[in-house]
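Labels run A, B, C, D and E following the written order; every chain starts at residue 1.
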Amino acid sequence: GNNEDAGGNGESKGSIEVGGKNFTEQFILAKITSIYLEEQGYDVTENTNMGSEVLRQALENEQVDLYWEYTGTGLVNYLNEDPVASSDEAYDLVKELDEENGIIWLDAAEVNNTYTLMMREENADELGISSLSDLADYVNNNPGELEFASNAEFASRADGLAGVQDTYDFEFGSNQVVRMDSGLTYQALDEEQVDVAMGFATDSRIKGFDLLALEDDEGFFPAYNAAPTVRESILENHPELEDTLQALSEKLDTETMTELNYQVDMEQRSETEVSREWLEENGLID
Amino acid sequence: MIEFKNVTKTYDGKVNAVDDVSFTVPQGNIAVFLGPSGCGKTTLLRMVNRLVPITKGEIFIDGEQTNSLNEIQLRRNIGYVIQSNGLFPNMTIEDNVTVVPKLLGWDKEKMRNRFFELMELIGLKPDDFRKRYPHELSGGQQQRIGIARAMAADPPVMLMDEPFGALDPIIRSHLQKEFLQIQKEVQKTILFVSHDIDEAITMGDQVAIFKDGRLMQYDAPDDILANPANEFVSTFVGSDRAIKSLGLHTVADLVNQLKVTPVAADSRQISLKTDLRQILSIFFNEGYEELVVVDEEKKPMGSITIQDVQKYLHQTNQSA
Amino acid sequence: MNGAFQYFMNNQDEVIALTLQHIQLVGLATVIAILIGVPIGIYLTTNDAVADVVLQIAAIIMTIPSIALFGLMIPVLSVINQGIGFLPALIALILYSQLPIIRNTYVAVQNVDPNMRDAAKGIGMSSWERIRMVEIPIALPVIMAGVRNAVVLSIGIGAIAAFIGAGGLGVLIDQGISRYNRDMIVVGAVGVSLLAIIADTLLGILQRVLTPKGMNINA
Amino acid sequence: MTNKRKISTFIRYFFYGIVLVFFLWAFIQGHFSIIFEQTDEFLRLLRQHVLLVLVSSLLAVGIAIPAGILVTRPAFRKLEWPVLNLANLGQTIPSIAILALVMTYLGIGFNSAVFALFVFSILPVLRNTVAGLNSVDPALKDAAKGMGFTSSQILFKVEMPNAAYPIMAGIRTAMVMNVGSAALAYLVGGGGLGDFIFTGIVMQSQEYLISGAVPVTLLAICIDFLLRFIEKITVSKGLRRSAETAEAS
Amino acid sequence: MIEFKNVTKTYDGKVNAVDDVSFTVPQGNIAVFLGPSGCGKTTLLRMVNRLVPITKGEIFIDGEQTNSLNEIQLRRNIGYVIQSNGLFPNMTIEDNVTVVPKLLGWDKEKMRNRFFELMELIGLKPDDFRKRYPHELSGGQQQRIGIARAMAADPPVMLMDEPFGALDPIIRSHLQKEFLQIQKEVQKTILFVSHDIDEAITMGDQVAIFKDGRLMQYDAPDDILANPANEFVSTFVGSDRAIKSLGLHTVADLVNQLKVTPVAADSRQISLKTDLRQILSIFFNEGYEELVVVDEEKKPMGSITIQDVQKYLHQTNQSA
């Protein structure tokens, strides 16, 4: 990041701690937000590379002021609600419920980074699998054959693997589930270390590695729209943040996000560069 | 003057390391503690500066009971030389030598002067050694520095635990002589531990012989050689003790004691300072029947035979 | 390697910021560890029974895998809302540094030639004078060696602290894994190693400077 | 005297106390629940963890000791300096970085993790082997030579037995560190108890954390203990005293 | 028999550590290599078992040139005792002592018997020591074990490099005597390094004195004392060499050489085996003018005076 105070009139508008989770999209979102807020004249510190639960606690503990959270995650993980498939309903519900915890969900972007299960395209063709139902049938007919790559979170979350297995009525044996760092599941699939892997819908590597995102034909995965979450007290001190961040939410959608991810993950560009470029292209900074 | 009064030391309830020992070391004398390994020499020595607490009995230095004095103060007034010299490797020679004066808060000027004085005394060039570190010195030089350090604050009393123990015999006897020279000037009261009978004879005004913590005999060296108090002392000093004692006597002693025959021919001349060991060597090597004793002005005083030496030694040993 | 260099050039500010974070964490941990460890080490020389126990405990702490210790501290420190980030990392590093520092201090002071101690006592030094003028100077090179060990160790473990949000160069390695980006991993790894080597070298020089000249012989 | 003993006893029991309180707290809070609820999974990961450690350590020992012997032979002495410096340099690279780098070459999975752990364990064993062999009193080798030992007899009857303590210490260090580093294998899909620990960290789940971290710690302590025991029976009693001083340095 | 023929050693082109040395050590003799530090004693010794390669010249053992033999075989046939005893700390005392027999493939029974035999010989109880380790022994005990180990395979030749160097004087002279006793039984050909003239005199059948790698003199000890070949040897053995040599001669030697006067009264009797050092002590301590020499059957042979001793010594020194 370039720390010059371009947007501000010399006076700092106050300091903001921007948080982020531990995968590419979050690094980009955090970076975009930081650069943008900095240009607006805030003193920004960035604190990324955290697991969801950790980050959420950090927000509640005032170690972090602001970060991009997904509606599905908020509902299921923090508020212990059932998942909701519709984007808008999910947003409204989480915004309403979370206010009691002093956490405000600002306007959500059209970025739906929902979970997805993937296979190598040619492998899926071969086995005749295109949807989660197909997968369930195949696994039930050939138990113990397919191996599945997951990150730690998905493998142990109720709305993760366990939920999918319940809904579609199949089960990978525990020997078939390989856990690894979040970003590696695509690679594991590509390297044929596993046959099925979890991933994020917006991840560019689905495209990059010729992977097939299996159709969620029973609509199990809820909406995971990204929205900035802020502590109420921060908003009281900086009411202008709502509008400021809306400018970002408006311009972001699933396609854009996938593209940005692609640039970082596949083209191996730095997230700073990519973020700054995008902000400039959209006239958000000069 | 140092007085031991029924001093006893027991290490955790075991047998006595030092057992009811009493004797007095006069002002300005060297008393050598002699005995086989483990007989309690070091323990007794260290009770004087209270590095080892006394179990029973009392020790007086110039009439003052050591236990009544402040421990740190007491130690600063007693020079202490340990076997391996115990120089501090992290300090220069000057810092080592002046460490006690520094603890006593002397000013720089005074410490520097004292350092030069001491180095002269032990025969080392102060400027050559000031900035050097102990490891840059030979064993013998280190030993001397150790002695200088112990003397730095001019303590009236010095404790020396086998100070020449680790040295080879030649340097050792050299340092012994040198130290006796120094002692002539400084006249300290010195307790000196040794397990070497020859060293004890050379160095001691008195020798205290111990066995299993008990004092076997406390006497002047020639008395001990002549009249061992018991079987143990007798074997400890060895059957050739007469030969050992040769080095203790000079021709002057002999001439004093015996009537020497008038001078014969122009025979081999020897000075009064020659010791009897050398005399015997001359008799054996050169085969003379008589040697002519000359005084300091080289004037012949009389002549002696090997029988005179024998007679003298026999008499001294009887009479002592 | 070329790619890594390229990555570094493109992300200099980021890498430097992370490096500073790393230095801050390890530096603070080391200073605190010395302030705790050296006095403990010196005290232990006066009490062998306690020394045994304390060194055993320190050795047990050393065997706790770092990621497990971070893991164990999260629930404990969550009680004061500091489960993640700088504080648990700092505490873990201080704990890990204790064994090398305490042990080296203890051994060094213990191994000061008993004759030195004896001479110091016999000369009439008080306990404090003895520790200050004789024992610490003589023990210093070995104590410093312990500090060096601790620092190199901490720099390595500090890289793992990235997983509990303590920042530092570990972030590059962590993200490098996520993105399967070798260049990032190399920059992170080389950064951490360089940091360790530089710290070790600097401390080595410091050790030499602090070593009393008369003792160079065994340095 | 008795006062000092009291302090040491107090410290010992205070430490035990803390550990006990921790365990009690964890039990009462149900933080070990994962072990009981997912016993199969736990056992599978534990087995995997042990396998990671054993395979990599045995490979490392099998290579490092012969290599250490080789570079201390007169014919290959020239190699000692570069090898040792390389080893020292290598040890500044944290385990996580080695793991990550190996992954980018060998791909994801158990084998990468084993290889990384193997690389990481080689160094301490190699270093201690060389240091141990070099620390053998030259007078002993001289005596052996003078009595007509052949070079291999000198190596196996004199050098190795007398270097046994530092070599065993190197193996112990390597294996204990290995247990910890193996917990990072999760990151590259290598399995092991790290799966629980990282799940715990990501999910802020005390249950996963403690069910993973405590067994890993106990595993490390057990291996340390076991190796100390092996050390005791393999290292000659005659070296016990010098061994104590060696550990200190 | 060991023969050195123009043996020279040059360490990497520097000056000669051993310089053109030739002499022969007869079967069953102890030859002591004597000289100041760095004069090449150790180097020469180690050339014998080829631990140090010979630069020039040849060494023969019982007529065989060492270079023509297999190195390992050669060494197994030569006992080697090094200064610091070099016991293997990882082996028990028994394993240490029987290490060479084991290399030679002896069977267990034979090794065990040999171990017991050797321990008897060196005066240590085999059963007390078998299972102990070197560090559990005192310095003197370790030294003896080192000697036992070197003798284990009963090699005809032994090399001993300052075997008693690290010991304190009392234990040292004790071990020297003990070792001479053993040698009387085993009659090995021994090369023995020392830098102590007294030790050389006590131990050596021959003494070789070196300076800067060159052999200064090779002679029996009393010859060296009586007739130092040059200034260096003379100062090295010291001015009191006559007194030193006292212990080398017995009354028998004296009686052989001088015509003794007929027996007087019933004076103090002395046996033929008494050495002159003791004789002199008796003269000094007890004051007799004459001592009566008695033969093995206690029959008086004649009497001697202190002058006879003098005469004898003088003559021996002249003539030798």
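Here is the rule we use: contacts are C-beta pairs under 8 Å (C-beta built on N, C-alpha and C of every residue); 3 or more make two chains touch, one makes a residue touch a chain.
Computed from a predicted structure; not experimentally measured.
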Label-sorted list of chains bordering both chain D and chain E is none
Co-neighbours of chain A and chain D resolve to C
At the largest C-alpha centroid distance from chain C we find chain E
Counting contacting C-beta pairs, the top-scoring chain pair is C-D
Farthest chain from chain D by C-alpha centroid distance is chain B
Separation of the C-alpha centres, chain A versus chain B, in whole Å, is 90
Chain C and chain E have mean C-alpha positions lying a whole-number Å distance apart equal to 58
Between chain A and chain E, the Cα-mean centres are separated in Å by 90
Two or more other chains are touched by the chain C residues 78, 83, 163-164, 174, 177, 180
Among chain A residues, those touching two or more other chains are 22, 54, 57, 181, 184, 187
Expected list for chain E, residues touching two or more other chains, is none
Pairwise touch list, complete, is A-C, A-D, B-C, B-E, C-D, D-E
Chain C partner, complex, touching residues on chain D are 4-5, 7-8, 11-12, 15, 31, 89, 91-98, 100-101, 103-104, 176, 179-181, 183-184, 187-188, 194, 197-198, 200-201, 204, 206, 209-210, 212-214, 216-217, 220-221, 224, 248-249
Residue positions on chain E within touch of chain D in the complex are 46, 49, 51, 72-78, 80, 82-84, 86-92, 99-100, 103, 133-135, 149-150, 159
So, in the complex, the side of chain D touching chain A is made of residues 38, 40-41, 44, 107-109, 186-189, 191, 195, 198-199, 201-205, 208
Residue positions on chain C within touch of chain D in the complex are 47-50, 52-54, 57, 60, 62-72, 74-75, 78, 83, 103, 107, 110-111, 152, 155-157, 159-160, 163-164, 170, 173-174, 176-177, 180, 182, 185-186, 188-189, 192-193, 196-197, 200
Within the complex, chain A is touched by chain C residues 3, 7, 10-11, 13-14, 78, 81-85, 162-165, 167, 171, 174-175, 177-181, 183
